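Written below as structure tokens is the structure these notes are about.
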Amino acid sequence: MTPSMPASTDTPLVELRKVSLAYGSGPSRMLALEDATLDIAKGEFIAVVGPSGCGKSTLMKLVTGLLPPSGGEVRVHGQPVKGPIRGVGMAFQAPTLMPWRTTRDNILLPLEVVEPHKRRFRANKAEYVERVEKLLASVGLGGFGDKFPWQLSGGMQQRSSLCRALVHEPEILMLDEPFGALDAFTREELWGVMQALWLERRFTAVLVTHDLREAVYLADTVYVMSRRPGRIVKISKIELPRPRTLETTFTAEFVDIVHDLRERIHMEHA
Amino acid sequence: MTPSMPASTDTPLVELRKVSLAYGSGPSRMLALEDATLDIAKGEFIAVVGPSGCGKSTLMKLVTGLLPPSGGEVRVHGQPVKGPIRGVGMAFQAPTLMPWRTTRDNILLPLEVVEPHKRRFRANKAEYVERVEKLLASVGLGGFGDKFPWQLSGGMQQRSSLCRALVHEPEILMLDEPFGALDAFTREELWGVMQALWLERRFTAVLVTHDLREAVYLADTVYVMSRRPGRIVKISKIELPRPRTLETTFTAEFVDIVHDLRERIHMEHA
Amino acid sequence: MTDRQRQILLVAMPWLAMAGLLLLWELACIVFDVPEILAPKPSRIFEVMIQRWDILLRYCLETLWTTAIGFVLAIGFGVLLGLAVGASPFVYSGLYPLLIAFNAVPKVAIVPILMIWLGVGALPAIITAFVISFFPIVVNVATGLATIEPEMRDVMRSLGASQWEILTKVGVPRAMPYLFASLKVAVTLAFIGSVISETVGGNRGIGFLMLSAGARNDSATTFAGLFAIAIMGVLMYAACALVERRMTRWAFRGEIVS
Amino acid sequence: MTDRQRQILLVAMPWLAMAGLLLLWELACIVFDVPEILAPKPSRIFEVMIQRWDILLRYCLETLWTTAIGFVLAIGFGVLLGLAVGASPFVYSGLYPLLIAFNAVPKVAIVPILMIWLGVGALPAIITAFVISFFPIVVNVATGLATIEPEMRDVMRSLGASQWEILTKVGVPRAMPYLFASLKVAVTLAFIGSVISETVGGNRGIGFLMLSAGARNDSATTFAGLFAIAIMGVLMYAACALVERRMTRWAFRGEIVS
Amino acid sequence: QTAVKFTLDWVFQGPTSPFLVALEKGYYKAEGLDVTMDPGQGSAGAVQRVATGAYDIGFADVNSLIEYNAKNAGKEILCVFMAYDFPPFGVHTLKKTGITKPADLAGKKLGAPVFDASFRLFPAFAKKVGIDAKSVNHVNLTPQLREQSMVQGTVDFISGHFFSSVLDLKARGVKQEDIVSFNYSDYKMDVYGNGIIVSPALAEKPEVVKGFLRATAKAWKEVAANPALGIAAAKQRDPLIDEKLETERLDLSLKMNVLTPFVKENGMGDVDPARFARSVTDVADAFGLPAAPAPDKVFTNKFLPPKAERMVAP
């Protein structure tokens, strides 16, 4: 690659270089993340697993620029991150829906804010509403658009929040335990939905999860983090062919990978 | 049993008789729960599983009297429930910690409110604080008592909420997905903690969960609910010997029960 | 108590409370033989109100519309300033002390100066009503913004929303319950502003009526004027409460369900 | 801008803003050749303040303590009434219209009656300060209570907490940011109340000073009095803001982190 | 010591300083009276304060009293000491308006506080000079606004006490020769001015009233001889007053309102019964009262000290 060529698929989309983050200052200072170094290529789907409180959510906020690192550097598109980056879709760990908006309006929010949708939002309103309805139906919430978030069950709120992260078709998708409050079947259904979307659009995705099967099913690379302060202790490339199906999850190869990851995390609990 | 004898272990502690619940009224009326009939004996540990949005959280609120049923009758201790009943510990689906209290003070809350602790709260403050610290340590949050809830990770908040439900040693324990935001190991550790507590105190417990292994590990009876409006479609007595261990979960019997439940829920997704 | 009885009682309460208060007043006047010049009996006040309803109504309407205009201006300006103060720590630290200083100063002392610049008439009344009532709105809107949950802010920031978008899409709805709380205070202040201005100069409005009645030792008419102001205040409040019901249902959801 | 520069600017802002305003005023006076009797130049006002600081201080202290007592009473009573109004729909519907009615009535019309019962002196000033400033507190505390998240209420209910416990353990902390917002408004009103009462009768406090200065067209002294009130208002506000920082940090956590 | 609450009609200024002298020098104390003295908000207010019993004694415009007594028959309040034999009431205008005689006031704009005694008496004055009071367009203005508004031309003329309006105008840079004043008394409206009024309850205790009047007359005599004494007392009460201005105000009021030929001859405090009776009718007419009160229900001289003690003219 000649230096004159623009950094494209060869430079990773997201680069973390020895990033650390400490909350608070003075005696209450607490290191949540230490020396995290990782690269995410454009179109890569990564998963982050690790014990509760190890800094996974913190890591996501660092990548999207919601938090400034205490040390090290975060780069996206080769540029150091100075503030919240554009073009991400983020499903936070809590649903964080706005109680004054109906579910539909909550999901329309990114379209009101993010270019280029914002510009044509008024003109294309009907079309956007239809898109939202489709999305709602795909996560099993057809017909609930008119309800307010506080009229939904916990799992339904979480799915709405997922829809909000997807609706503007972002380049980068950050999912913090997006299926945690769902039953096994709904969850596995949504894995399929998720994978299909990814295969179609090839966005870059970061998934935080406690479900190792979920991580292996969806991700190209799984990062295992240590207890707090979180460090990356294992990187596991998942070379399983796509599209993966529920059958894949019963193959020996799949089960082995899950088992390996499990063993590694178990060490953190010793 | 002679009629003059007080209803004791023979009458169930909690009785639901064809209970239904509809949210809203008029055109926006929506039936969340239909004809739920179940008995919970004193000291029984039951689990409720079912698809997302089927009315599990609603069921819990009905049992504790937080919601009045639209139809049917709820009885606790043989008395019809008219308002919130006393002596329950409840871990809601969301952590609902109070942001103006430290984690420790959040967990102390039931002791400030519930008799007989309330009466001696001031006098025994030190002892109660110690109790909270022990509880925090048992869920892996030792040393976090001074933090505010918004300084904790999602999983840590959930564990604090669990502590709050346990601290006053309630007669009835209601747990709405108490381990949903935890990694597998922390979760399994807490199963053990939970079971040990139950074996010691023999409280009556209702656990809502999406993890069938969790349900079977902990419960005496597992209830499977249908899609919304939720009805009880399967009742499964778990006769596995106690204490159950992680090894138990690998026995054929255990796996079979889980498989059966799984099949039944799968039908709901068809 | 059934739901229906409850409903009826709720509607009846304000009337019962008011009737109770007036009765107490009437009785106190009779028992303590209070001279009319001090505090007339409510029955006497109502008598005057009925007798002179046409004059009262005319003066009331004059006051009402200056107040309404001043109040609307106060809402507009108060919300904007509140947004600015709530959104920027610099505006906050620079402007808040000045605002407090300005508002601690009794407006009675300022109005004459205003009148010297603007002459007497409706304009100074509008301005006084505006000036006296915008502050609670600023404070409450600013507090509403400052207490936005950081989680909501993060949702917007992650979408790359501008400061302005965060303000309008989260800040404004979040601040609504605060705004409506402040309107209840502001509307009463707006009336006070109008009336003060009318007493300082001019020959219009309920303030003038009360003052000239006072000069004639006609305290029944003065009190009739006070009652008229009170009634207008409650009407304006009812209008605000109506809008509040529609716009902030989400914040009061706890009340609706249980 | 570094964090340090930011910090310095934040502290400097109120002074800069104030200086800017006064400068503008001074210039306007010079350019438009405003006669002193209309609006004195700030420089002249400060001259008077420095010249007569001892007298001013004496009067100020008189006003300050009546105001402070009235304000403290208003907080106590306002919080209690706010809790009652926020907690019970019956109290709400029965009392709110009455409160609005009472507060829409200009206190200047009520104070003379008060003085007849109580005589002139500190007592009517305290009561006026109290009466005028408790309403914003009631409204905001009540709104704070009414907007409690139902989830929090359920936590308490599931513990079998009494209405009173829900009120004190959830309602009060929840209403704190609202309370402090209202205190900012209430403290300015309390000053206005004191000063009004002092103007209506008595020979104490800044209100009397301004009255007598007004009667002899000594507007420099009148304005010196206004400035003194403004300064006291800001001082009281600063005291409230200090307490606010300590007590409602959780609600402003969004500001602290980012 | 008997506690006595005393209210002025207005703030502590030169013309009311004799009361302060009596207080500071202990003349009231010597009569066995413990007097508290408060400023007021106009004569009507002072009458009301005494009427409601909040104060025992007041200093107020006797015309306000006539109105009050007419409307509250059976609860009359008595004036027991006439201070301003010549009333300070009048209307004032500026040369530039072209108004030179009272008849020119017809159809003009009058700025006045509604409770200003000169304003309230204006209809009677209008009648005497033959103009229609209804043709005058009245605008309410607080005392702070009144003079300024005329200087700015917002109103054509104002009503007010001579010693306050003229001094206020001069303070605004208006020259004495540019001010045109019409004193009501110069147009056959010879009503009385301010006097001391007592509550019905206090009227039952003649010794107290007599003592009060004796002390007051004594102080007035001293102030008439030496105005600086009065100013010093006022200064003590209200440290911020402008001595020069108050001296001028006091001088004016003494010369014009207090030390009239009648007072020089008969002493201060009493009235000419015929003139007083006439003034009661005039005032009742001006205020549109249904019936004039009997003069002896408004003023009595039965509490006055002997004439010798009332000869205040130096």
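Chains: A, B, C, D and E, in written order; residue numbering restarts at 1 for each.
Simple rule for what comes next: a residue touches a chain if its C-beta (ideal position, glycine included) is under 8 Å from a C-beta of that chain, and two chains touch if they have at least 3 such contacts.
It should be emphasised that the depicted structure is a prediction, and the values quoted were computed from it without experimental measurement.
Looking at subunit B and subunit C, the chains that touch each of them are A, D. Graph distance from subunit C to subunit E, where chains that touch are one step apart, equals 1.
Interface of subunit A with subunit B: the two copies contact each other largely through the same residue positions, with over half of all numbers used appearing on both sides. Here the chain pair with the top count of touching C-beta pairs is C-D. In whole angstrom, the spacing between the mean C-alpha positions of subunit A and subunit B is 30.
Computed centre separation for the pair subunit A/subunit E is 86 angstrom, with centres defined by C-alpha atoms. Remark: subunit A and subunit D have CA centroids separated by 48 Å (rounded to whole angstrom).
Note on chain placement: the centre of subunit D and the centre of subunit E lie 39 Å apart, centres being C-alpha means. Subunit A has residues 94, 150 in contact with two or more other chains. Counting partners per residue, subunit C has 38, 116, 150, 199, 251, 253 as the residues that reach two or more other chains. Looking at subunit E, one finds that residues 48, 52, 144, 148 touch two or more other chains. Pairwise, the chains that make contact are A-B, A-C, B-D, C-D, C-E, D-E. Across the interface of their complex, subunit C is touched by residues 44, 47-48, 51-52, 67-68, 71-72, 75, 114-115, 120, 138-142, 144-145, 148-149, 152, 154, 287 of subunit E. Against subunit E, the residues of subunit C that register as touching in their complex are 35, 37-38, 112, 115-116, 119-120, 199-203, 208, 211-212, 214-217. Contact residues on subunit B toward subunit A in their complex (touch as defined above): 23-24, 49-53, 55-57, 93-94, 140, 151-156, 159, 176-177, 180-187, 189, 210-212, 262, 265-266, 268-269. Interface residues of subunit C, counted against subunit D in their complex, comprise 9-11, 13-14, 16-18, 21, 38-39, 89-90, 93-98, 100-109, 113, 116, 135-136, 139-140, 142-143, 146-150, 153, 177-178, 180-182, 184-185, 187-188, 191-192, 195-196, 199, 207, 210, 222, 226, 229-234, 237-238, 251-255, 257-258.
By the touch rule above, subunit D contacts subunit B in their complex via residues 151-152, 154-161, 165, 169-170, 173-174, 176, 248, 250-251, 253.
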